[in-house]
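Report on one structure; see the data block that follows.
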Amino acid sequence: MKKSDLDKVKIKQIPAQKRTNPFANVFDEFVGFCRSRSMFMLHYCTGCGAIELPPAMTSRFDMERLGIQPMVSPRQADILLITGYVSIKTLKRVILTYEQMAAPKYVIGICSCTVNGGMYWQSYATAKKLDEYFPVDLYIAGCMPRPEAVIEGLQQLMQKIKANEANSWKQYYKNYDYFLGNQQHLFGNNWQTPTDVIGEAETYQLAGPNTLGEHTKILQSVQTPLKPLEMKL
Amino acid sequence: MSIAHSQNLNVLLQEIEGIQLTFHNPRRLRADIAAEALPALLALLRGRASYVHLSAISCVDWIDDNQFELVYHLWSYETSVLISAHIRVPRDPGIYLSVFDIYTPAAFFERDIHEMFGLYFEGSPDMSKFILTEWNGPPPMRKDFDSEKWVMETFSWQQYHPDWLQELEQQGGGIVSTPESIRAGNRPMENKS
Amino acid sequence: MKISLKSKKAPAINHSDSGSLLNPLKNLQFLVRKPITEPLQPRLASLNYRGFHLNDWQACVGCASCQKICDNAAISMVEIPSLPNDPVKGIRNHRPAIDYGRCCWCALCVDICPSSSLSLSREYVHTCDQQHIDSYFILPDPNGMHQQHFGKGWQKTEHSDLLSLTRTAMAELEPEKRVDNFDEIVDGFTPEQAVLEASRCVQCGMCHDSCPTHMHAPEYIRAIWNGDAEEAVRQIYRSNPFAHTCGRVCTRRCETACSIGIRGEPIAIRWLKRYAMDAVSHERIKEIVNENFTAKSSGKKIAIIGAGPAGLTAAFDLVRSGHKVEVFEALAHAGGMTRFGIPDYRLPFDSLQQDIDIITSLGVKIHTHCRIGKNKRMSTLQKNYDAVILAIGLQQGRQTRIKNSEHRHVYRAVDLLQKISLGEKFDLSHSVAVIGGGNVAMDIARSLARMQKQQYGKIQITLTALEQQQHFMADPEEIKEALEEGIIIKDSCGPQSCEIDSNGKLIGLKTWKVTSIFDENNRFAPQYDEQDEVVHNCEAVVEAIGQYSDTSLLGTELTEKLEWNRGRLQVDENGRTSESWLWSAGDCVNGPDVVHAVADGHKVAASIEQQLQLKTK
Amino acid sequence: MRPENYQAVNHPPSHEFELNFGPNHPGIEGNFALKVKLQGDIVVEARTDAGYLHRGFEKLMEDRLWIQNIALVPRICVPDPVPMEVCYSLAVEDLANIEVPERAQWIRVLQLELSRIAAHLFFFGGHAATTGMYTPMYWGVADRDLLLDLFEELTGGRIYSIYNLPGGVRQDVPEGFLQRVSDTLDYIDGRLKDYDNLFFTNQIFVKRARGVGTINQQQALDWSVTGPNLRACGLEFDVRRDDPYLIYPQLDFDIPTEQAGDALARTLVRRLEMVESIRIIRQVIKALPDIKGPLRTPIPNPLAWRVPAGESYARVESSKGEVAYYVVSNGGEKPYRVHIRGPSAMHAVQVLEKLAVGSRLEDIAQTIFSLDACPPEVDR
């Protein structure tokens, strides 16, 4: 599929839904509140913006005040913070990591580079628009944003989670074909990850009309059973 | 650098045939030699003239001459002089000898040059990919690889259309020149009048 | 500088294994210290912080220099129709819009900004979600990104300014060396100076927009910077066949509009043009002009009356379109006012001749000494040619009509200049008063000064004008040079009469002090202080207060047929008169200005071309 | 949820196994990976896997104006960006034959040394965290932030100062700035004792780091080790003194060395260097008010600035070691070629691969951090 065709795909945003049952509503709000108050941020420095995270995490700006702590393993993490540019090599790992994270998961793109290529817009090595590869909840502007801006952004995210508006992770399941298409465009048609996204989408009952499509067909045709990791030395 | 050292070095370097020396400043000495003579020069500099530190190997792609220029930057802790040994090798087939046996760090630089320029070093311990393991294109540092063109063909950009822009477009204004058009060397004003 | 500061060597750290394991516990004292944690609210950034952009829309001229310096291709120029757009002043209604998905806040755009309108603020927090990603594309205004006042952060200072605001100096003759001859004053740029001067250009194109004939100045400046004078000539000839002339005596509106001129000295565009023309040999210029010119005859004939810049430019264009062009010039030489009105020290005849030579080399035929109305009639032209262009210029000097101004020693500047340039003898007075504050007044004053110096060894020229000196119509440079050459300038002097002694000899010019020139409706109505009367002693008076066109050649029949507007021929926007075969161009339509005349020539030629095409179809 | 065709990972039958150490691993610095082959917990073979932070700087720089590159270069080494700017400027100044005004040279030294302290504090925090001690990390990072405040005040940016241009620096020192630098230095000077108590003389750390990743002098020379890592082997070499640039010859400072060449020695050299940097900055603070004059030698309009054809090799001592820029101009408005020689490339690839072999898996983090390699600079 050509790049230009992919551009035409528009993703509809999912509005926050309120349930009819008032008790369920209260429950949802309670869950949102709890989620927003205990967030683990994946400790993965993908780019130069990561240099402002240690100050934000440690005593001076102290994001633990907000209940946010770094977490080293993707399985336990809630927030994937993309700190600036992602090289194509890193992007593969980031997608692997993103798919491994348990829902609900939130993605924040900081720095210019995650939006439109930033400084490295003409570089052959970096991906330009993060939202082509997986959905993003929040962007923080800056090159790089100061710790205060990062914390401000995290507070924004907390508000969104509390209001049950941070649902971008559902987009990934609903529009998997679009995201997979972009991934295939960049990594080649042999691209596959160990996570069975389609299966997960069905389990979560989030599979929609755009979950499957021509790209998932390609994936299913090339998908090979996982083998033990091989390393050449 | 003391005069004694300089004379010593001069005497030593006489052994290499066809060497041309130019002092850029007292601490930067440029040596131009034939590609075949380089290993001998390096062996001499390392073995007998205290140039033990290989600071870097740089590669320059002189595409108009169809040549790669290799520059070996060597530093002597004793005389505090940096010798840059320049050689030229043909771009095609792009093969040269490794100096790994003389300077161990050369392995890294040679691997890097091989990856970025596609210049193969015979005898280097490892010529496998390193940084660009997931890159299938041509060696990117070659002058004939146009990074911007590749990017334009591969990626798409944000199509911003904020409210203020829509308002201006209704008034008859709007974007008159994008940065890309400026980079292409067009002066958009010219066509207007 | 050598500084000697006593300092102690750092004590080595004792890290032996024998240190106490309890050492870290010493730091338990920090439990009672004040924490260094900052409040959750974002702090105020430092005074020169590089935060989000601000742009003063009043100051910004839309030159797009920021767009060119931006290393991240983050800046688009946006047209805002509600803002003023004035090409003559060098103001565009374009403003930069910045993509924060690219920007890196390096502030190079601020440091290069010719108008100093861009700055960065101390604001640094912006977040948005996917739906509002458009908020990353902003149009900076003075109010800030979120309409909140954070104050300016990084601003340009004298240290960080990246533009070079001073002109490259060019050698010229000293006043004492130039005052007794008609040698050209300026030497022109050397190749090094030209490249340096050309490098100052930011390629904004304001010059192109403001130029009446829209010369491709950014392109030829770039070509000069590239050391390619031939390419510069090629670019110049795209829009101006009077390149030698305009390289010397152009009124250079481009330099008024130049963005660099907002805070510094504008690029010397005129001198760069002169450099390019002088750097290439005459023969080579001819070849360049003839590139892509295939003479295929259209069979049409066009007559042009007047071989000035307007007429010859039209001839240049038309002959290149394959028409047969004949030019009728009343005087002995082609060139019009540039030949007979501009003295040699400003525009050497040779340079002008080169321009004309290139035009004639294309096949334009110039008949000199051929005065229409006398040697040939208009009706003959109408009959024999497909189109006729009237480009007769302003050849008659206006008169003050003050008392005694019909005295034989009261001259018109244009007449005298013509005599000087033709080398005709005339009775040069020992002391002269010039009336007028324009360039023509300066030309005649300085020409006469040179002749006085040559013949009498002494200069006695007084220049009087209604305006105050800072409001003279003449170029400031001209005034400066005139003063350097020993011409006395008396400003705010309204001429009242020429004083004559009992023998009928002119002895002086009487003036009154001017209190105001225009009335409240901005109409010309000078008011004088009659008490402040001065008589400037002189043997001759020269009037240089403007020119008019002598249209008697048209003949009464045609004059009555044509439409007129306040004494000038009425023409439409294409220079066409009410008669379908007659066009008019140049000073006689627009008033005096070389480059305007060139522009007019192009315009008329295009209009004729269009008309002829229509006819053929 | 596992795919239906999922198969469990089969380990090779031998007791040797392979491990991906990074890129997303708490024991690795930044976005960088090491593939190791283990026998038990002894490393048999190690291969670095870089390129996660590759942006192709050298390619990008060939396509930007001489001045525009100033915004690009600090990004090459994120924790210590100033030497990159200064080194690039020095190379271009050498090519274009520009004399830098004296005041600008002093201000550059001020920045370079502030940046060195900041980088060492950051290193110290990171190294302590890998050792399992979190308080030093909190301290180091927070105290470094005070220096970043100074950078913000001087240059307008916390991390990327973009403050040095070929020809000089962009703005003057703000009023009262030197006093604030002095106060901050006094504070950090006073804190060094606390750091010693908590970390540098802490027996837990000393015993942990001693003998880990030892490089001997011959190896250091053979492997082109530079900077603090070289000085930790007892070799007294510093670009600032031996290949001097700016006004370093006028300054009085020592070059601290250690003999052991192990992780502990490397850490201690950095600790001692902070003291020397403080000494240098104090000299600058004393001298700078008396040095008047311009801040920048004007360069032509940057949009049309051509640097004469030629080549230049400029070297600067950064907190990690020898930074060098090889800049080639063909007389155009953009560099023809820029080769960036970063110290970390040597340390993180060449040295680390050799040191890791034979060491225990848990020592690898110690080794990487004590070498203070900077992954973005390896990848460029």
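Order as written gives the chain letters A, B, C and D; numbering starts at 1 within each chain.
Here is the rule we go by: a residue touches a chain if its C-beta (ideal position, glycine included) is under 8 Å from a C-beta of that chain, and two chains touch if they have at least 3 such contacts.
If you're wondering where the values come from, they're calculated on a predicted model, not measured in any experiment.
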Chain nearest the overall C-alpha centroid of the shown protein atoms: B
Selected pair, greater C-beta contact count between B-D and C-D: C-D
Interchain centroid distance [CA atoms averaged], subunit C/subunit D, Å: 53
Euclidean distance of C-alpha centroids - subunit B vs subunit D, Å: 22
Between subunit D and subunit A, distance of the C-alpha-averaged centres to the nearest whole Å: 31
Distance from the mean Cα position of subunit C to that of subunit B, given in whole angstrom: 46
Residue list for subunit C, restricted to those that touch at least two other chains: 36, 45, 68, 71-73, 99, 101, 104-105, 133, 136, 203
Residues of subunit D engaged with two or more neighbouring chains: 51, 54, 56, 59-60, 63, 71-72, 142, 160, 379
Multi-chain contact residues (two or more partners), subunit B: 132-134, 140, 145, 147-148, 158
Residue ranges of subunit C in contact with subunit A within the complex: 35-38, 40, 42-43, 45, 52, 71-73, 99-105, 124-131, 133, 136
Interfacial residue positions of subunit D with respect to subunit A in the complex: 1-3, 5-7, 9-12, 18, 20, 23-26, 30-31, 35, 37, 45, 47, 51-56, 59-60, 63, 71-72, 75, 78-79, 122, 125, 137-139, 141-142, 144-145, 148, 158-160, 376, 379
Residue ranges of subunit A touching subunit D (in the complex, touch as defined): 42-48, 50-52, 54-55, 58-60, 72, 74, 85, 87, 89-90, 93, 97, 119-120, 122-126, 143-144, 146, 194, 196, 199-200, 203, 223, 225-229, 231, 233
Interfacial residue positions of subunit A with respect to subunit B in the complex: 3-4, 6-7, 88-89, 92, 115-117, 121-125, 127-129, 132, 185-188
Residues on subunit D engaged by subunit B in the complex (per definition of touch): 48-51, 54, 56, 58-60, 63, 221-224, 226, 235, 237, 242-243, 311-313, 315, 322, 324, 326, 328, 336-337, 339, 341, 345-346, 349-350, 379
